[in-house]
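One structure is given below, represented as structure tokens, and several questions about it will come after.
Labels run A, B and C following the written order; every chain starts at residue 1.
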Amino acid sequence: MRDGNGWTSAGLLSRRGFLGTAAAGALVTAGGLWLPRAAHAQEAKKGGTLRLGMEGGTSTDSFNPMTLSDEVPISLCYAVMNGLIEFDGAGQPQPELIESWEVAPGAKVWTFNIRQGVTFSNGKTLDAQDVIYSINLHRGETVSQLKGNLEPITDIKKITDTQIEITLSQGNADFVALLGDYHLLVVPDGHTDWANPIGTGAYVVESFEPGVRAVFKNRGDYWKPGRGNFDTVEIRYIADAVARTSALQSGQIDGANRLDPRTVDFLMQAPNLHIVRGEGTGLRYVFCARVSDDPYTNKNAVLALKYGIDRQKIIDNVLNGYATIGNDHTVAPSNPFFNADLPQRAYDPDKAAFHLKEAGLTGSEFRLTVSEGAWVTSPDCAQIFQQSLEPAGIKLELNKVPADGYWSNVWRVDPFCAVIWGARMTADESLTVSYSTASPMNDSNWKNETFDKLLAEARVELDQAKRKEMYATCQQLVSDEAGHIVFAINDTLDGYATTVMGVDKHPRFGMCDLRVAEKAWFA
Amino acid sequence: MGRYIAIRLALGLVTLISVTVLVFVATNLLPGDAATEILGRGATPETLARFREQLGLDDPLVLRYGKWLWDLLHGDLGQSLTTQTPIAETIWPRLVSTLRLAGLTALVSVPLAIGLGILSAAHEGTALDRVLAIGALAAISFPEFFTAYLLILVFSVKLGWFPNLSTIFPEMGFWESLHAMVLPIVALACLVTAHMMRMTRTSILSVMSQPYIEMAFLKGVPRGAVITRHALPNAAAPIIAVVAMNLAYLVVGIVVIEVVFVYPGLGQYMVDAVAKRDIPVVQACGLIFGIAFIGLNLVSDILAVLVNPRLRSPNRGR
Amino acid sequence: MTRLRIPPTAIFGIIVLALFIGFALIGPWIVPYDPETTVGRTWSGPSAEFWLGTDNIGRDILSRVISGARTTIGLALVTTLLSFAIGVSLGIFAAVAGPRVDAFLSRVIDMFLSVPVLIMALIVLTALGSSIPTLILTIALLDSTRVYLVARAVAVDVATRDFVDVARLRGESLPWIMAHEILPNALPPLISEFGLRFCFNFLYVASLSFLGLGVQPPQADWGGMVRENGQAISFGILAPIWPALAIAIVTVAVNLIVDWLLSRNVRPSGASAEL
């Protein structure tokens, strides 16, 4: 497996799925055919109205790709628009509106071929100019949340109507995965009317009331074979978990996201439902100590907390077992660069007491800020944390604060607080965003030169074995020294009526990577 | 009376403007602004600054409020900061929804509450009185979301009689809409009926000791007639106040019921807007709530004066 | 006429209230388990081991209901007393101090009532932070505006009666009239309102804890317990029923006592006239 890397030392390199099959890799280099994963398993049927009930949106949502931040608006956008790159079930980037790509050595200059024969809902044919415009929405004078990630792009050139060239300031072997970000949706050149989206997706908007529902009609002749199967898709905003599960049980909706792990066992027994569980693909639950603030400047203090948390008990009692244990860094366990040799930090009150003593803090009290705004069960997790610290003689005071304004008020302000981190598709992005010195999101304020240097080197390293070793060291450094107590990664839990076919777990988001509208069909 | 109403209306307008100032200042005092809330955690200081400029958040508070008031006087509620669409378009269907739910609930609960209250007072101390009291109290002592969950469990999941998603869509017919709204109406009626019923009972009983009631009894008027014809009008002031308070609650305070039954009304719209610091939307909702509240209060005061002749005497100088 | 017998409903009310006040006083010494420690699985049903089952993180519910009595009843009592002290005195003052004062006070109160509770609570939180004293103050102030409405409505009514004019002519001071003429006559509806407000305040604590203003974990309060365990009811798990039942029982008990007090106050003349 390890030597099956997708990089060759020929003059031009082609990216293949690192863990993907040879066939899938060849498909990319051959460039052209678009095949949905597992489409051969069952023939998709056309027709019907899919009714979804989802949490993760508000009455302030729009189709603006620059300000997308939660599951409902992202799902709405994926119904009418396409991305440049799509991630497959193994988390590997696959062609979407970008059909194939080539990269020069050093991973600085990338050439992308745009898919031909795709039309927008306004009749226009997709060309290089549309793609450049759509990427540039997130560059320069923009309010886009993606701006920081695209900063390394120094130039985007149109070569032909179907080919563009992107130059980076520094090499990045994972650049294609970056283009798979959900903000990078393709709209026609010059489009700015975000209330009336135009895209190349399977559906067009029939009606949209933010915070209430969106109704989509099939455009017909979707360019992805076997996808975009429903005549109509209705996505309703259902913020309350009980309302969602009740509606699903009584057949008022066909699918629901974010099921409560504590009651999902009951739903699994229902004969008319099936539950899709994405193991360890959801949110990383973190208690974040800022290592630039006392007492967390002392490595032993942070270690005492890391050994003093009973991860398994939190997973069992709060998350009902629907989570993967975390090892104090944010890299996904399913990632090919995940350091499986790093021993799992276990609950050990004696070690916790030892480190507390080493830190000279015996008898002092820590204060953890939690809120339902971080994640709903964070106060519950924190209470078990508090209990598990007791045998180590560590006192933890809990400070529960309002959900309102949590991310601007508490996060990055309070020295010890609850934080969630979403799934990132590459080890580089996970580590860079959360732990590099330059990252504005490095919330534990951990600064380590060795780490920064290693990360930059790994980014351009083309030997996969070496690269894996470098990332392994990075994870070890973070796990031992950074201020993140990453105690669990939750499972995504979605429920569907048994009549809904073609739904599968996905390493990035639940609801088939939020593309259930185009991926699923009725039996 | 006409002069009194005119003065009250003028005062109401002043109160309303103070409410909008208060809401405006208050939401601006909250930490964070629309830029930080919309752009979220990934925002850099640079993008934040640009977004603030785009949204006009850099202008001084007084200027922004002045502009809002000026637009309002010209009949313009302004644009939402987050969706960049006119607020009037979004708020109208939600206002209709809220008023529909509040109106239907009031239609059920006010007559029910006053009727049961009178019944209770007429049969004071009997088993009926006690059963009514205990039933009503039990209904309000469950948190509103919990009452709602119980209703959903029984009538939606187990029996399947009513849907638990109560959103009304344009394509739905009259009866279908009414069917969808049954559960939220029942849940709300549970919440407000007890309060009004208890106040009706107590107020009636408290005037029963007045000399003119004793006179009526001595004249041989039956108890039921004494209560409805003599006691009720004199006991009306606190009942009307409590009814108005509960109606105001139905318009302003039912966010939880809206969320649980997925009935998108003004309450949830305002909560979302507060969370995103979409101040023009918060202002618009605050304005509507203010009008509703001040209006109801005015009507209740006028009614209290009308039903109680003694309040009309000129020496109160109102 | 001899003293009225205490009706059985009132006796029931007194016993229940005494029981819960007992819990509030000696709760920490009689609980079977530490109410703040996880002792079992999450949401296990009632059993010989855990009489009422376990809660959302596996703590013993019985222990939490008992130990929650102190916080819950204490908070509700203090906030209700405070809100009545403020609301009733302002309401009666408005009724007797003349039309200008009345108009001014009433409009100010209108203003505060018109601002949605969510925003008011958030402001207080931001300004004062979240602690038990803030919680008490916030609920008492928000609630006093509503008490004011009722108190004023009743007092205005009473103020028009002849004995108030007589007192004025006698040259009695305003506070004296408020305390000796208005308050006693306005008492019945106010006591009834007190019984209900007391109950509403149980729930108020819970709904504000939704905003993060409330009892800090791991302390137990009944409203918060219903909230934490609420979604379990949709699958027939009984965990949230017990704290809800505790609230309901105390509410009913308090109001049965209120009814009895009212009937002692009110009954004689009306009822005797009937005889």
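Here is the rule we use: a contact is a pair of C-beta atoms (placed from the backbone, for glycine too) under 8 Å apart; a residue touches a chain by one contact, two chains touch by 3 or more.
Please read all numbers here as calculations on a predicted model, not as lab measurements.
Please find the two chains that have the most C-beta pairs touching each other.
Chains B-C share more contact pairs than any other pair.
Which chain's C-alpha centroid is most distant from that of subunit B?
A
Indicate the whole-number Å distance between the mean C-alpha point of subunit A and the mean C-alpha point of subunit B.
41
Cα centroid separation between subunit B and subunit C, in whole Å?
Their C-alpha centroids are separated by 21 Å.
Provide the C-alpha centroid distance between subunit A and subunit C, rounded to the nearest whole angstrom.
Centre separation, subunit A to subunit C: 46 Å.
Going through subunit A residue by residue, note those that touch at least 2 other chains and give them in order.
Only 242, 246, 404 qualify.
Quick one: which residues in subunit B touch 2 or more of the other chains?
30-31, 149, 152-153, 157, 274
Using the touch definition from the top, which residues of subunit C touch two or more other chains?
In subunit C, 122, 230-231, 234 touch at least two other chains.
Residues of subunit C touching subunit B in their complex?
Residue positions touching the partner: 7, 9, 98-99, 103, 107, 110-111, 113-120, 122-123, 126-127, 146, 149-150, 152-154, 156-157, 160-161, 188-189, 191-193, 195-196, 199-200, 202-203, 206-207, 223, 226-227, 230-231, 233-234, 236, 240, 244, 247-248, 250-252, 255-256, 259, 262-263, 266-271, 273-274.
Show which residues of subunit B lie in contact with subunit C when the two form their complex.
For subunit B paired with subunit C, touching residues are 7, 11-12, 14-16, 18-19, 22-23, 26-27, 29-31, 124-125, 130, 133-134, 137-138, 140-146, 149-150, 152-153, 157, 194-195, 198-199, 201-203, 205-206, 208-210, 213-214, 217-218, 223, 234, 237-238, 240-242, 244-245, 248, 252-253, 255-256, 267, 270-271, 274, 282, 285-286, 289-290, 293-294, 297, 304, 308, 310-311, 313, 316-318.
Would you mind writing out the residues of subunit B in touch with subunit A in their complex?
My answer: residues 30-32, 35-44, 47, 50-51, 54, 80, 82-85, 90, 93, 149, 152-153, 156-157, 160, 163-165, 167, 169, 259-262, 264, 268-269, 272-276, 278, 281.
How about subunit A: which of its residues touch subunit C in the complex?
Residues 241-242, 245-246, 260, 262-263, 266, 313, 316-318, 320, 370-373, 379-380, 382-384, 386-387, 398-404 of subunit A touch subunit C in their complex.
Under the definition above, what is the set of subunit A residues touching subunit B in their complex?
53, 58-62, 67, 69, 141-148, 194-195, 209-213, 236-240, 242-243, 246-247, 249-250, 252-253, 404-405, 407-409, 411, 440-441
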